[in-house]
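The following pair of complexes shares a single chain, chain A, combined with chain B in the former and chain C in the latter.
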Partner chain A sequence: MKKLNQRAWLFVTPVLLLVAFNALIPMMTVVNYSVQETFGDNLFFWQGIDWFEQVLTSERFHKALGRQFLFTFLILIIEVPLGVAIALAMPRQGFWVPFCLVTMALPMLIPWNVVGAMWNIFTLPDIGLLGYFMNHTLGIPYDMTQNPFAAWVTIVIMDVWHWTSLVVLLAYAGLVSIPNAYYQAAEIDGASGWAVFRFIQLPKMKTVLTIAILLRFMDSFNIYTEPFVLTGGGPGNSTTLLSIDLVKIALGQFDLGPAAAMSLIYFAITLLVSWLFYTLMTMNDNKS
Partner chain B sequence: MSLELKNVSKRVAGITHVKETSLTLETGHFNVLLGETGSGKTSLIKLMAGLDSLASGQIILNGRDVSGLSAQKRNISLVHQFFVNYPHMSVFDNIASPLKVAGVARSEIEGRVDEAAGILKLKPFLNRKPHELSGGQQQRTALARAIVKESDAVFLDEPLANLDYKLREELRDQLPELFAGRGAVVVYATSEPEEALLLGGQTALMTDGKVVQFGPTADIYRKPRDLDAAKVFSNPPINVAGVTKQGERVILNETTSWTLPGAAATLADGPYTLAIRPHHVLPVETPAHSVRLSGRVLVTELSGSESSAHFEMSGQPWVSLSAGVHPYQVGEVHTFHLDPNHCFFFTPDGTLAA
Partner chain C sequence: MAQITLSNLRHSYRPDPADDDDYALKKIDLTWDDGGAYALLGPSGCGKSTLLNIISGLLVPSEGKILFDDRDVTALPPAKRNIAQVFQFPVIYDTMTVYDNLAFPLRNRGRDEDIVKRRVTAIAEMLEVTGMLSTRASNLSPDNKQKISMGRGLVREDVNVVMFDEPLTVIDPHLKWKLRSKLKELHQRVRATMIYVTHDQTEALTFADQVVVMQDGEIVQIGTPVDLFERPAHTFVGHFIGSPGMNVLPCEVKGGAAFFGGEQVALEGPAGGAADGKAEVGIRPEFVSVSTTGGGIAAHVRKVADIGRHKVVEAIAHDSRIHAILEGDAPNAGDAVMLDFKRSQTRLYKDGWLASRPEGDVR
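Right, the complex of A and B next:
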C-alpha cells in the first residue's frame, strides 16, 4: 500500500495559524465569555445559556434590534434605487466618465469617524452650515441632539451620502458591460425605455446588484463609527443601533457575559439574513 | 421589394466611416456585403437599419423614403455576430418579443412563434432561457426573431462568425431557404469570400468604407473591376506582382516570362500589375499550368483536403493553394506552375485591363 504523504499539513499550517489567531481563537474567547460569569482576577463561574436567555428576552435588545433593522431597511430602500438611477444617468463614454467616477468614489475614501464628525459639525444648529440654514434662514426647527426624528433623518442621509457611491459604481460596472448590440436589438423591436431597463439592463445588472445589496446589508447592519460619532446613540436611546448598544454593555457596564452572548446572536442574525438573501436572489439561476 | 441607397455616407467626429455609396438591393436572393474587418460593412448595415443617422444621402425602402425614420419605424430585423437575446426571457418570449411590442394578438403570436421555432428546430427549447442553450441554438433563436417579424428588410451581420465550423455549415445551408419566399430584402455581411460564393446572388465588395464593386456574385468573382476588388474577393490573399508587357510576352522577372493568351495579348506595351488567385498556382505541372516559377518555400499549411505554400520569389511573397497533400521542404527552392489563362492585369492606377 502506498504510504500517505503527510507533508501537505506543513503547507497549510501557516494559513491555519493565521485563521486561528485572527478568527477562531477570538471567536472562541467570546463563546467562552458568553457561557460564564466573569469577575476580576480571571475568576469564572459557569452560567450555561443564562446570558443568551437574558439577551433574547430583554426589551432593550429587542428595541436595538428593531432600530437596526429599520436603519438597514431605510438605507437599502434609498441607496439601491438611487444608486441604480445615478448609474443609469452617468455617461458611458467620453470626457466626463473619469470625472464622474472619481467624484462618486470620493465619499467612500473618507475615514468613517471623519464622516461622523463632518456631519456632526454640518448639522450643528448654531454654527453648522445645514443646521444654521434650517433653523435661522428657513425657520425650520432642526436639532438632532434634541429631536429623535431629526437624528434619524441625519444618520440615514449621512449613510446615503457615504455609501450610495458603492451601489453606483457596481451598477455602473454592470451597465457598461452590456454590449451595444442589445440596445440595438431593443431599438429595432421598438422597446420603450422602461422595457430596455426591465428586460436588458436590470437582468444584466442582477449579479452586481446582488453583491451590492449584500455588501450594503452587512456593512449597515454592523455600522458603528459614524452614528457613534454623530449622535452617540441619542437623543436618549433613539439612535442606539445594535453595535452601539453592544459596546455600551461590554465596555460601559463591563458586562462581558451578556455582551458576548449578544455578539454571538448578532453574528448569527447577520449570517442568517445574508444567507437568506443570497439564496433567494440566486434561486432562479440554480433551478435549471 | 427593394432597398435603395442613394449617395449615402456616414461620418463620426470628422472621420468618414462610409464613403458615398449608391446601391440597389433587391429581394429574392441574398445581397452579400463582403469585406475585411473594418471595411465598413457594419457601419453600412447600421445606416440601412436606422441605428445610425446619415451624414448625406437617402435610403428608400419599398419606394418609401426612410432616411429620417428610426429603426423601429422601418420594419426591419437585424441579427448580430454576437448572440443577442433577452437574457431572462424564455426562447418563446424572445421569439415573440417583436410581435408583442407590435401588439399582435396572443393567439396569432403563438402560431407564428410555433412556425418559426419549427423551421429553426427550436421547438424542444421554447421554455428554456438563452443561457441554457448552445451557441448555435442561441443564434437560431435570434434568427427566429428576425423571421417571425415579417420585416421588409433583414440584416445579417456576420451571423455565423462566432459559431464552430460544423454549426456554421449547417446554418449556412439553412439560411437561403429560411428567407426564400418571405419577400424581405436580405443583406448578409461577411468577411469570408467562400460565404459570398455560397450564398450570394449579388455581392457588394467593400474596402475602406466604400463599395468598390457590386453585381452578381459569380460575375464579380470572375471580373474584378480593380485591384482592390480582386484583393477582397480572394482567400488566401491574391498574388500580386509588377510585370512588364513587351510585344506578345509578359515579363515577370529575368528568368520568368511567357506569351500572353487571349485578350491580354492585345494590351498596349508597358508596366502592369499582375494578380492571380492562389489556386491557379500549383506545385505540379499540368497542360494549363505551363508557366514555371521558382520560389523558396517559407511556410506550408495543410488543411485536410488542401495544401498551401507561401514562397518567396525575387523579394515578393507568393501563395500556392492546391488540392491534396504536397510534401514541401521549408527553406528549399521549389518550382511552381502558374496558369496564364487566369491572370488579371491591372493598369498602374489599379483598374482592370484584362
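Right, the complex of A and C next:
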C-alpha cells in the first residue's frame, strides 16, 4: 500500500490559522451575538432568529438600506463613465503621462478621515472656501449641515473626488494595453470614433472595468468614515448610510444582538450583489 | 484596382532631419503594377513597415508623392484610399461574430445589407470559414483570426491594394504553409495588387512574382525570385537570400581579371564598375564544388553540417570562410581540399554593387 504523505498540512496550516483568526473566528462571534441577548456579565439568553426578523422588518433599516443603494448607485453612475472619459482623454505617451498619473493618484493617498475633515472645512457656509463662495459670493444657499440635499450633494462629490481616480487608473491601464494595430485596422475599415470606442476600447477595458466597478461597489456600499466625519449621518438621518446606522445601534445604543444580525444581513447583501454582478459580467466569456 | 506609383518618397520620424541617417526611408521611386503579387523583403528596421504604412496612409511621408493611377493620394486618410492591410498580430473585433467582423468595413461604408450578405458569404467561402460565421470571433484560434483579418481586407470590392505586414508571425509553423498557399490562391482569384512584407525569404520567394529587397531605407534590388538568387545586384542581397548566403571574398582586380589571395578567379564575363573601390568576388555555395584531386583553390575544411537534404561544408582559404553545398559524400573536418567555382555563376562586386556582366552581354 502506498504510504500517505501528510506533509501538505505543513503548507496549508498557516493559511488556515490566518484565515481563522482574521475572518472565521471574529465572524463566528458575530453569529453568536446575532442569535442571543446579553445584558452584560457574560450572561447570554437564546433568542433564535428574532433579531433577524426585527432588523428585516424595521422601517429604520429599510430607509438606511434605501439610502445606501441610492448612494452606491449615484457613485457608480457618476464615477465609472467619468473615469473612463478621463482615461480616454489622458495622453498615452510623452511628458505629461507621469504628471497625469501622479495627479490622479494623489486623492487616493489621503486617509479617509482626513478627506472627511477636509471637505467639512471646505464646505462650511461661513468659513469654508466653497461654502463661503456659494453663499456669500454667488448667493446660492448651500449648507450641508442644515439642508439634506446639500448634504447629499457634498458626500457624493466628495466620493467622486476621492475615488474616480481608481476607475481612471484601471481604465487607463486597459487602454494603453491595446496594440496600435487595432486603431490602424479600424481606421482602414472606416470605423467612426464611436465604433472604435464601442468595438475596440470598451471590450478591451471590460476586464479592468469589471474589477473597477466591483471595487467601487464594495467600497461605496461599505463607506463609513468620510460621511461620518463630514455629516455624522445628518442633518437628521438624511445621510445615515448602513454602516453609520450599524455603528449607532452597536456602539450608541449597545444593542449587540440586532447589530450583529444587521452586520450579517449587510454582509450577505454585499456578497450577493458582488457575486451577481461578477457572474453576469463573465458569463459570456467562455461561450462560443 | 490601380497602379501605385511612389515618387521621390522620403520619410523621417524626426521633425527636422539633418542628414541621410535621420531618414527611415532614404529615397524611394517605385511602381507597383496593377494585380501584381509583390514581396517587400528586408531585415528588421530596414524601413519596410514604414513604406507599407505610407502606402496605406497611416503615415504621411516627409517628402514625395503617392499616386494611385494618376490620382495623388498623398494627403488622403486610409479610409479614403480604398486599401486593405493585414497586421502582424490578428486584429479582430472581440465582441462581434465572425460574420459581423467581415461585414464591418462594408457596414461602415453604408452598403446595403443584401450586398453585405453576398460579399461576406463569398469571402467566407473563399477563406473556408463558412462554418464559423456565427461564432464569436474572440474564440477562434490565431490562424483563423488571421484569416478573418484578411477577409476584412478582401471583403470590399475593388480594393486598390491589399497589404500584409508579416502576417504569419504568430501562426504555428505547420499552419504557415497552409495560409501561405491560401494567400497565393486568393491572389489568383481576386487579382488585386498584393504587397507582402516579411523578413523571411521563404515567405517572400513563395508568395511573390516580384520581390523588392530593402536595406537601411533603400531599395537594393527588385526582381523575380530567380533573379535575386542568381544575380544579386548587391552583396547584401547575396547574403540575405539563400541559406547559407552567397560567399563574398575580397579580391584584387588587375587588367580585367580578379585575384583572390593571388590566385586568379575566372569571372562570368567582363568586369565593369568603378576603377577603384573595394572589389569582391561573389559565388553561391550551390556553385562551389569540392574535390581532393582536381584544380582550384586550396583550402582546409573547418566543419561539415549535415542538414538533411544536403551537407554544408565550411572551408577556409586565404583566411576567408567559404561555404559549399554538397549532395552525397562530403569531406571530413580537417581535410585539405580544392575548391572550384562554377564560372558562369562567379560575379564581381565593386563597393558592394554587381560589377561583372555575363559573357556575350553587350550592354
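The working rule: the second predicted complex is superposed on the first by the 288 of 288 C-alpha atoms of A that agree within 3 Å, B and C clash if a C-alpha of one lies under 4 Å from a C-alpha of the other, contacts with A are read in each partner's own complex, and residues count from 1 in each chain.
Here, a residue touches a chain if its C-beta (ideal position, glycine included) is under 8 Å from a C-beta of that chain, and two chains touch if they have at least 3 such contacts.
Because the structure is predicted, anything quoted here is derived from the model rather than measured.
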Next item on the list: Please tell me, clash or fit, for chain B and chain C sharing chain A in the overlay.
Entry: clash
Note to self: For A:53, using the defined touch cut-off, is the partner it touches chain B, chain C, both, or neither? Pick first, second, both or neither.
What the structure shows: neither
Next item on the list: Identify the partner contact of A:187: answer first if only chain B is touched, second if only chain C is, both if each is, neither if none is.
Entry: both
Next item on the list: Using the touch definition from the top, say if A:203 reaches chain B (first), chain C (second), both or neither.
Entry: both
Margin query: According to the stated criteria, A:179 is in contact with first (chain B), second (chain C), both, or neither; which is it?
Written below: both
Note to self: Going by the contact definition given at the top, which residues of chain A touch chain B in one complex and chain C in the other?
What the structure shows: 179, 181-182, 184-185, 187-191, 195, 199-200, 203-204, 288
Next item on the list: Spell out the residues on chain A that touch chain B in their complex, using ranges where they run on.
Entry: 179, 181-182, 184-185, 187-191, 195, 199-200, 203-204, 288
Notebook entry, point to check: What part of chain C is in contact with chain A in the complex they form?
Noted result: 53, 56, 58, 77-79, 83-85, 87-89, 91, 93-96, 104-105, 108-109, 135-136, 139, 149, 152-153
Item checked: Footprint of chain A on chain B - complex, ascending -> 46, 49, 51, 70-72, 76-78, 80, 82, 84, 86-89, 97-98, 101-102, 128-129, 132
Check: If you look only at chain A, which of its residues touch chain C in the complex?
Finding: 179, 181-182, 184-185, 187-192, 195, 199-200, 203-204, 287-288
